[in-house]
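Chain nomenclature is as follows: A, B, C and D, assigned in order of appearance, with residue numbering initiated at 1 for each chain independently.
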Amino acid sequence: KLGTLSPQTKHISKEEEEKCTLGILERLDAGEVVVGDGGFLLTLEKRGYVKAGLWTPEAVVEHPNAVRQLHMEFLRAGSNVMQTFTFSANEDNMESQYFEYAEEAVWAVEVLKESGKPVAATMCIGPEGDMHGVTPGECAVKLVKAGASIIGVNCRFGPWTSLKTMRLMKEGLQAAGLKAHLMVQSLVFHMPDCGKGGFVDLPEYPFALEPRVATRWDIQKYAREAYNLGIRYIGGCCGFEPYHIRAIAEELAPERGFLPPASEKHGSWGSGLNMHTKPWIRARARREYWENLLPASGRPFCPSLSKPDV
Amino acid sequence: KLGTLSPQTKHISKEEEEKCTLGILERLDAGEVVVGDGGFLLTLEKRGYVKAGLWTPEAVVEHPNAVRQLHMEFLRAGSNVMQTFTFSANEDNMESQYFEYAEEAVWAVEVLKESGKPVAATMCIGPEGDMHGVTPGECAVKLVKAGASIIGVNCRFGPWTSLKTMRLMKEGLQAAGLKAHLMVQSLVFHMPDCGKGGFVDLPEYPFALEPRVATRWDIQKYAREAYNLGIRYIGGCCGFEPYHIRAIAEELAPERGFLPPASEKHGSWGSGLNMHTKPWIRARARREYWENLLPASGRPFCPSLSKPDV
Amino acid sequence: KLGTLSPQTKHISKEEEEKCTLGILERLDAGEVVVGDGGFLLTLEKRGYVKAGLWTPEAVVEHPNAVRQLHMEFLRAGSNVMQTFTFSANEDNMESQYFEYAEEAVWAVEVLKESGKPVAATMCIGPEGDMHGVTPGECAVKLVKAGASIIGVNCRFGPWTSLKTMRLMKEGLQAAGLKAHLMVQSLVFHMPDCGKGGFVDLPEYPFALEPRVATRWDIQKYAREAYNLGIRYIGGCCGFEPYHIRAIAEELAPERGFLPPASEKHGSWGSGLNMHTKPWIRARARREYWENLLPASGRPFCPSLSKPDV
Amino acid sequence: KLGTLSPQTKHISKEEEEKCTLGILERLDAGEVVVGDGGFLLTLEKRGYVKAGLWTPEAVVEHPNAVRQLHMEFLRAGSNVMQTFTFSANEDNMESQYFEYAEEAVWAVEVLKESGKPVAATMCIGPEGDMHGVTPGECAVKLVKAGASIIGVNCRFGPWTSLKTMRLMKEGLQAAGLKAHLMVQSLVFHMPDCGKGGFVDLPEYPFALEPRVATRWDIQKYAREAYNLGIRYIGGCCGFEPYHIRAIAEELAPERGFLPPASEKHGSWGSGLNMHTKPWIRARARREYWENLLPASGRPFCPSLSKPDV
């Protein structure tokens, strides 16, 4: 996805540039960390404003307050970028909208490039590659050669898988002697059992993904690992709620020099528990506790992995 | 918790009575099903407006739009009752606010009863009982004898455990030849591993409960089982989001005769998937599929149950 | 099961008494710990000599060497008692052989008592009781009043469930002011999901119980907990292999004052690994390691609990 | 491992050739399926005759009856080949004995080839390859070029991983225009979480592998899949007990035309349960039941996968 067509690709708007003294490229060039936003479709579905299966964004017109409220929450959680909620993820449209061939993405980057604005292109690609046989490394090289300044992945895969793809993209660029800013917006779900097609092929999609939702601590690890890989545009896609975005902003607060507004309502690493009257709950008010906790599913009759339908 | 002191007990307000032609007791007496609302504290914590550990409701003043938005969502999802968001769940306050002895609840019911309004009393009690040795059955009898018209449980335990307690309360009333309307507002989390103290004693509380969140289908089963038990006030507590409340309203639509507004964005039993271009995703557009699915956690390195800290 | 009829009840034979200077009662009265043997049927089934479903002991005649070899292994592992392998667990016979009513067991104890030998009676009973409404405590009292010197449980339930029943039996005796020696021979399988009917009602019985088999370290904990409960005859039933019996004998070696012969081939608590060339395997040569290890099933597509068929 | 040095490589002995009218190559050339034997070290460790960590075969001298008994059981279960139990798996020896470079295996094959007997060479190699960078395909080609008539894998990996390696070996041979008989002897453990080093690097090795043991039905699938891959020498390594070998022989009975002796004590696909008095147990006496059962671990506090130590 590219440009103004979709939330997955960011063609930075005039207004947005004016609001900030600096454009996104200048920020990234200056070494800043940019925090992306989270997922609109799945979150608004749970709030009652988007229909699963259809995934169309008419809520913008029908319930603008509800959409505005979610924008406010992401902003408050630390997002630097507010994507316009205009992406139609209609499953029929998916086929024609989404790029099926890497070449299509390349053409789109070339067209957008003519506008004179920086072009960011993120692909729905996994570590094993896709799009009629293109590897992540090859894909990265093609996009940068076409003129993209920022490249990366979004949607379809979970945090660790997305980072694995990013590592391959980065290595592909390095091997080709190319440079670009890196960007990642993974899904919020733990999905080591995903196939090439990503989360839609898992039997739990889209109505039973709850047990796979990452905790805030998982997302802090994801943000740190992304940062260590050299990625400087770090956000989320489907399933990322405001508190997940806040977790990115909190993890990278030392690098960025500030906490997001929503952190006034969040003690770092559970420190809000340190006044609890029960000593065993107070004992949870520390980083090591949450970093090492292996959270139970509470579902002993369920498996821990599923087989994708294809 | 009782009366105006907290969201856990409903002392129906003047305004609310005037809005409806009928009061809550008249409705329940007439055999109506009343759908409660969901959890404010945990949901607003994830949205960035409530601080975990402190759990205080200053968001009402600081961010009224955010609170109003969540009220709107629950209303749209089918809630008949909007609780005022004034409960201070401050962990220090908990000790003094919460009833430690069943007798305290009894006194509160007696005081509220004098106001001439119907009194609903829900207790945080599990199947094994609590409160210095009172069983669910004994507790139910005490509350009804004190004058409560509606009794039940809320918070602390998951859906199946809460229903188990309700069954014992009902049996206690029957054995004593008493009658009352029944009410249940369980947590959204799967917690068969809970001890007497409920969810706060599980190691995942409050920041790693994600894998335990019930799906909408789990909540439909909960609503049906509650209905079959004779419970007619059915809602949720911590962790219940608008789509969980919608699941209650959809499951009981045949009995109530109507769907909630938010169902315009929800195909019943996944029917919204029946136009999908991929046949294996279309195949998920049916009730049997979601009723029988055992959702994976995506976390093979985690256990399925935890040991409570006490 | 009682007396010479079955391996579950021990009527000590003439020969056995002569072999030892002391009879079993004298030993137990003197405070000795008696280590029982393990399971013959399931072990010989895996070796190819017993037919599952039929569970008949014709191997004694058809393949005496195979049976003798298993006896040798249990003896070498530390068993003090060698049960005759004459129990016909034929599923048809089960109905008529097994005691359906506690009274039957009482009559059998009374008859055997007349022989003048010590009578040991173990019942297939769980913590919730069975046998037309008898609790473990009541059952214990009946057997001791009938003349049994040693009482306890065997088969049907796993280690922790069996010990829970034993605790109830012990409390029943204490409440009645009675005394008896206690005996436990649990199954080797982890079965917290068992119903009243025990392991035969689990869907995995009898051909897919492998993932439930206890490790040697689990059995050491079982032996210690049994000892702490005051049980002095400690053995195993179906699924207990020679190394499980050795684990009992090793755990209780400090109390008994000696190790079994098979310990010449077993370093206590994994110490046999301390010469390994790989440092991370050497690091496993210690008690804390094995005591705290949570062993993975290697089966991420399987649940951790099952629902019993009844 | 090669030749007479170890059980992992079979240099067929004079006596063995005389016993059979046909040598192993003649049999395989004629299209016969050869059933291998199972694991001696781990099985005899559980019986009390081998010391874990040391893994030396002095039991042959110290307890010949115990070793002979296990040989008898494998024979009865259907093994066509009885390996001499002379392999010293002493962990110190491992380093010098095991081939570190594929070239060493090649030299050994060349030396054994001079004896004029057929040489079978099995390697401890996983799908990702090993031995200083040799892939399974390259390894297969080297061994066949050196003169091996039978090649394959044994030990270190579980059934599905071993078959994956075999597929790569087969493809390597096909690409090089070479032919050889294929042989597989996997471990009995489910280990999708294995790293390159195989099972010794899993935290459960060697004393907590119980939950990973394959059922007889798992092994039937393994045997069928091996057969379908074109493998005609199918056996097992560590952890394979007689009933696992019987499962291979039963699965391939239609192809071989006969059942092993131990099948007189085994109803195929659970048919031995069809006379059970409880209808829900009788209902398990069929193939679909056992093929589709997902066996629970009975350990809800344990994970389903582990992280290898390296």
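Criterion: a contact is a pair of C-beta atoms (placed from the backbone, for glycine too) under 8 Å apart; a residue touches a chain by one contact, two chains touch by 3 or more.
Everything numeric in this text was worked out from a predicted model, so none of it was measured.
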| item | value |
| --- | --- |
| Interface numbering overlap (same over half, different under half) for chain B and chain D | same |
| Farthest chain relative to chain D (centres taken as mean CA coordinates) | B |
| Pair of chains joined by more contacts [C-beta pairs], C-D or A-C | C-D |
| Chain B and chain C: spacing of chain centres that average the CA atoms, whole Å | 46 |
| Distance from chain C to chain A - Cα centre to Cα centre, in angstrom | 55 |
| Centre distance in Å when chain C and chain D are each reduced to the mean of their C-alpha atoms | 32 |
| Residues within chain C bordering two or more other chains | 193, 294, 300-306 |
| Of chain C, residues touching chain B in the complex | 294, 300, 303-305 |
| Interface residues, chain D side, partner chain C - complex | 45-54, 65-66, 69, 72-73, 76-77, 91-92, 94-95, 158, 189-193, 200-217, 241-243, 246, 261-262, 264-267, 270-278, 280-281, 283-285, 290, 293-306, 309-310 |
| Complex contact set, residues of chain A against chain C | 193, 300-307 |
